[in-house]
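Two complexes, one shared chain (subunit A), two partners (subunit B, subunit C).
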Partner chain A sequence: MTKMLAVFKEEEKAAKATEELEKAGHTNENFDILTGSPYPEGAFGEAEPKHHLYVYPLVGAFVGFSMGLLLTIATQSAWPLVVGGKPILSIPAMMIPMYEGTMLGAILFTIAGILFESRLPNLKGGLYDPRITEGYVGITIEVAKKDAGELQKLLEKAGAEEVLRRES
Partner chain B sequence: MQRQKTAPMHDHKDFGPDITIAEFQKKMVEKHTTMSAGHLKLMAISGFLLLIGIIAIVIRATTDGFEYRAPWGYYAATVAFLLTAAGGAPLIIVALRLTHAHWRRPFARISELYAAVGILTLGLFIPLLLLVPTANNRFTLWFQADNGGSSIRIPWAPHFWITLLISMLVVSGIALLLVSARSDKANLNDNMNKPRGWLSKGWVGNSKQWSIKKGGLTFLGACYFFLLIGTLSFFSVDFGMALVPGWKDAIFPAFQSITGLQAGLATVIVTLWLVRKYCGFEDYIQMEHFWAASKILLALSLMFFYFWFSGFIIFWYGRLPAEVNVLNLLMFGPYKVFFFSAFILNFVAPFLILLWNSARKTMWGPTLAASLILIGTLIDKIRIYVASYSVDFNNSPVSIFDHKLNLVPAFQAPDVIDVLIVLGCLSGGVFMLSVAAKLFPIFSLWEISEGIKIRTVKPYLRTKLLILGKPE
Partner chain C sequence: MQQRVALPHKQINADLLNITLKAPLWWWITVGVLGLFVLAAFSSVAVLVNKGLGVTGLNRPVMWGLFIVDFIFWIGISHAGVMLSAILRLSKAEWRRPATRAAEVLTVLSLLWAALHPVIHAGRLWRIMYWAFPYDFSRGIWINIRSPLVWDPSAIFTYLTGSALFVIVALIPDLAVIRDRTTGIRHQIYSILAMGWRGTPRQWKLQIVAGFLLSALLLPVFVSVHSIVSWDFAVAISVEAWHVTIFAPYFVIGAVHSGVSAVVTMMVLMRWLFGWHAYIREEHIDALGRLLIVIATTWLYFFFLEFSFALFSRESQEIALRELQVFTWPWWPLFLTFILAGYVIPVGLWLSKRVRRSWVMMFWTSLLVNIGMWLERLIIVIPGLSRKTPFSFDWGTYHPSLIEVTIIVGGYAFVFLLLLLFAKAFPLIPIFDIKEGQTLSENIKIGRRTVPALRVEE
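So, the complex of A and B:
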């Protein structure tokens, strides 16, 4: 397979290039857009990014809440004195550890989610051109080796200043 | 023939500089890489004062020890102030991002950088743990007063739980800063032809990374909000209210949380003004930013009054025998000047300043109001914590286990060590901020670049209008 990165100086040309890619039979799931600052979603006709980040804080919060609940149940059951007619398991006193457990779980899982979903730390680094941080727009696409030459021509014709290639 | 009057064209400069993303980023990289003499001087002076403050804390610990709380009142007030003002600052950008306020962009990084002050606050908080007894058999939030009504056993209360809470607040604040600054660090490294550091390694700016970054900021921001409210509430109860017998006020924790929001915004506004004035960012920080922030500051000042009055009227009107001395200690006794000063500085003065459009719609008006709020917040913390800690001294007739306060101690004036501690700790906050501003760009490059893309100025009849695209 060949991974390609086409670098465009003008964003309009990059948007046009994605149209050309689709005309050539590549769906928007095949290519990705690299930019130095965020663009409105779908500005280049790219596919909506898929990730499961929202699951992490929810799972973390649930795990943390359960831990807080179990801890407070355990400690109160270990000292089962009834004083002042209050039940052994009194919710108001359990609330702070449960709240803190929930928050701890939510934060740790969110940070883990960000690291995992962003594939951090990515020590290898992907195909990249520093001009992208200066405002250029990059289009990455992976194709079979035999189609790489044709695709490079297509991207250059669409206005790419340079097309970088990496064989794998 | 009478000459037809035409309205003057609106000055384009009001809408900010007409600049491309590349030009903006180049300027910001230049600014960031060349450390100004002023920045260096600020770091040196604040670092030196922090060192003096730390020495003063060590002297206080060795001469007075941790047996009684009275000598530590000013220290506790300073920690509470840092927790409130610096802790509240990152929440401002969280709220503005959640509400998609587009004028937020110059505020973003300044607000996030205050997360670095949290590390100092956490360090300064540790000695306070030695001054507060366990919650067993005391009337606290922890319901561990066996002789009073409950059999609940929450282990390690309150020490472990409040430390965990502040630690979580610091971790989520730092995570917020790192997630936000990751792309900017990549930008800086690329522009300076330097190899990528640990934070920016692997950043390519694809659509998934941008999406995760924005989602991560939302989730971490939500966590930060919940943690800040909890931290300010529990800190004020466990390290303030629960130390004074007879002081039972359900509104007080909420009041302290509100002051966190107000002081946090005030901190960001004052910093924004200083950055504009002394770092040469006049083109990027405009009146519209102060004007927009001033409306929220006005609303928060009104909320301060609401909570202040609610807390006040219940005690004052109720005047229960057990509460008379608490009233005297905190409001009408030795600290009455502080009590009324804080009310004037946190509500009356900002309200009067921000009420008038001619002051609100300027840069100096909101900055003046914000400065007064910060002074008022510090004074209020001194009132609360110095007064609360002053009841515990050698041979004090007041016990933490009492049901009512039997004594109103005299005003505790700060000694030289107290002054050095307060000055050193506050300077420590400035030091941490200036170090963070050296490590990360003071403007959120990705957020301002995004803003440049979606705004344009167009002529409309005799004026010009800012056209803003809202991608969401």
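So, the complex of A and C:
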């Protein structure tokens, strides 16, 4: 297989190139786009990214709440010293660490979710060009070795400044 | 009228990384000078640890002094960042772009310094471990969950962790920009920090969703933090003037007032120091000025309620404390300064558009607010304690020692130093956010004018 990265100076040309790719029989599941800043969804005809990030804070909140509940009940029960005539398990006071535990759990799980769903850290690397963070748009695609030459021509014709290749 | 100018991505990178890639001479000199102040402050902490709290001006009945005053102040400053950033993100306010990162970093750094205050105030710093964390496994003596002095660390820990992670997650795309512009060991470090970021649509989508999600999660935490700080006072029955239900919202809005003012001060400084004239524009401080009028007036309303209800009750303790705060030397000039600096002068000036669009005026008025708000905390804490209360049996007064003043002054240097160090390592304005703003904007013609407009995503 051959991995290719076509680098475009103008976003319009990159968008046109993806149209040409689709015409040549490559669906938007086959190629990926690299940009230096967010673009409106579908600007390059790319597939809509699916994710489950919204589930993570809910799970985290449940875990955090449970930890907060356990911490407040267990520590107070372990040393049941009455202070100021207040009950050992004082619900209003317990609610505060439990609330903070809930929020902390939700935040930590969300962060984990962001990294996992973004596929970070990305240890495999892959074809990349530093010009991407200078405003260039990259299109990455993987094709069979025999089709690589034809595809390179298509991308160059569509306006790619450079097409990088890596055989695997 | 928006004053945006179209800039190529290459120039945005160069402009916003000007300090990060090559720090000017003034940066090194300032870091050196601030480092000396910080050294003095931490040496003073060492003296305090060695000699004990006797080196401070704390004495019965005033056992909460400048450390606690400054603690509340810095917690307040820390509220600006995430509040401002979160609300502006959630409301998709376009002018948020240059302000969010600086505000979030200010949150983290000021919270870091704020959290050290109670630790230093304890005198024997290591004992905080026993009081604040469920740590003493061997002896089975646990923290007292019913004490607000335990609620505080739990809230601050959550807020600090959340805010720091919020900053780090939003930094990842910008770390990739630095990675692509550095060589050698710096390139290797930034490559590790960028975690292989490539800028795929999936990564960008998650980055944007993460901004909204974390904003929504951090907003309730930020409200809880200053509420809980206020409960350090409000749940105590010993000092009558503190034992009021309005303290939580009053503290929260006061924190927002001082915090957003601090963001304005910081943005003006960033523009001056880093030359980011194309990014931090008059329209930004104008918008912040208008926001501050609303925030300050809401704060004044809560202050009025807190003060007038205390008088309305006609309880002798309340009346006596207000008399001490407002009419007695040395508190009355401080009270007057607090009202003038905290509200009357800045808000009066902000009503003028010319002032809101003047960098010099906005710098000094926002600084004035924070002088006023620092005095507000002083007037709440010290006079409240120096009166005889049912549990202190004594009248007293408080004179801060040189050690305390050195630590407090060094704290300001500490936060500013960390900000400069952050600016050396990372961009203080989110590069990708500015680029997105450029991508989404286009010039449209209205009548004879060509103005920038936004392409709104449906």
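Heads up, the rule we're going with is that the second predicted complex is superposed on the first by the 142 of 168 C-alpha atoms of A that agree within 3 Å, B and C clash if a C-alpha of one lies under 4 Å from a C-alpha of the other, contacts with A are read in each partner's own complex, and residues count from 1 in each chain.
One rule holds for everything that comes next: contacts are C-beta pairs under 8 Å (C-beta built on N, C-alpha and C of every residue); 3 or more make two chains touch, one makes a residue touch a chain.
The structure displayed is predicted, hence computed values, not measured ones.
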Message: So in the superposed three-chain picture, is A:P80 touching just subunit B, just subunit C, both, or none of them (first/second/both/neither)?
response: first
Task = Quick one: classify A:L34 as touching subunit B (first), subunit C (second), both or neither.
result = both
*asked:* Looking at A:G149 after the superposition, I want to know if it touches subunit B, subunit C, both of them or none. Which is it: first, second, both, neither?
replied: neither
Of the two partner chains, subunit B (first) and subunit C (second), which one does A:I132 touch, if any: first, second, both, or neither? both
Dual-contact residues of subunit A, meaning touching subunit B and subunit C, are 32-41, 46, 49, 51, 53-54, 57, 71-72, 75-76, 78-79, 83-84, 86, 90, 93-94, 96-97, 99-100, 103-104, 106-107, 110-111, 114, 117-126, 128, 130, 132-135, 138
In their shared complex, subunit C is touched by residues of subunit A numbered 32-41, 44, 46, 49, 51, 53-54, 57, 71-72, 75-76, 78-79, 83-84, 86, 90, 93-94, 96-97, 99-101, 103-104, 106-108, 110-111, 114-115, 117-126, 128, 130, 132-135, 138
Contacts from subunit B onto subunit A in the complex sit at residues 20-22, 25, 141-144, 146, 148-155, 161, 164-165, 168, 171-172, 175, 179, 183, 186-187, 190-191, 193, 196, 198, 201-202, 204-216, 219-220, 222-223, 226-227, 230, 234, 445-446, 449-450, 453-454, 469, 471
Contacts from subunit A onto subunit B in the complex sit at residues 32-41, 46-47, 49-51, 53-54, 56-57, 71-72, 75-76, 78-84, 86, 88, 90, 92-94, 96-97, 99-100, 103-104, 106-107, 110-111, 113-114, 117-128, 130, 132-135, 138, 140
The subunit C residues in contact with subunit A across the complex are 8-10, 13, 134, 140-147, 150-151, 154-155, 157-158, 161-162, 165, 169, 172-173, 176-177, 180-181, 195-210, 213-214, 217-218, 220-221, 224, 228, 432, 435-436, 438-440, 455, 457
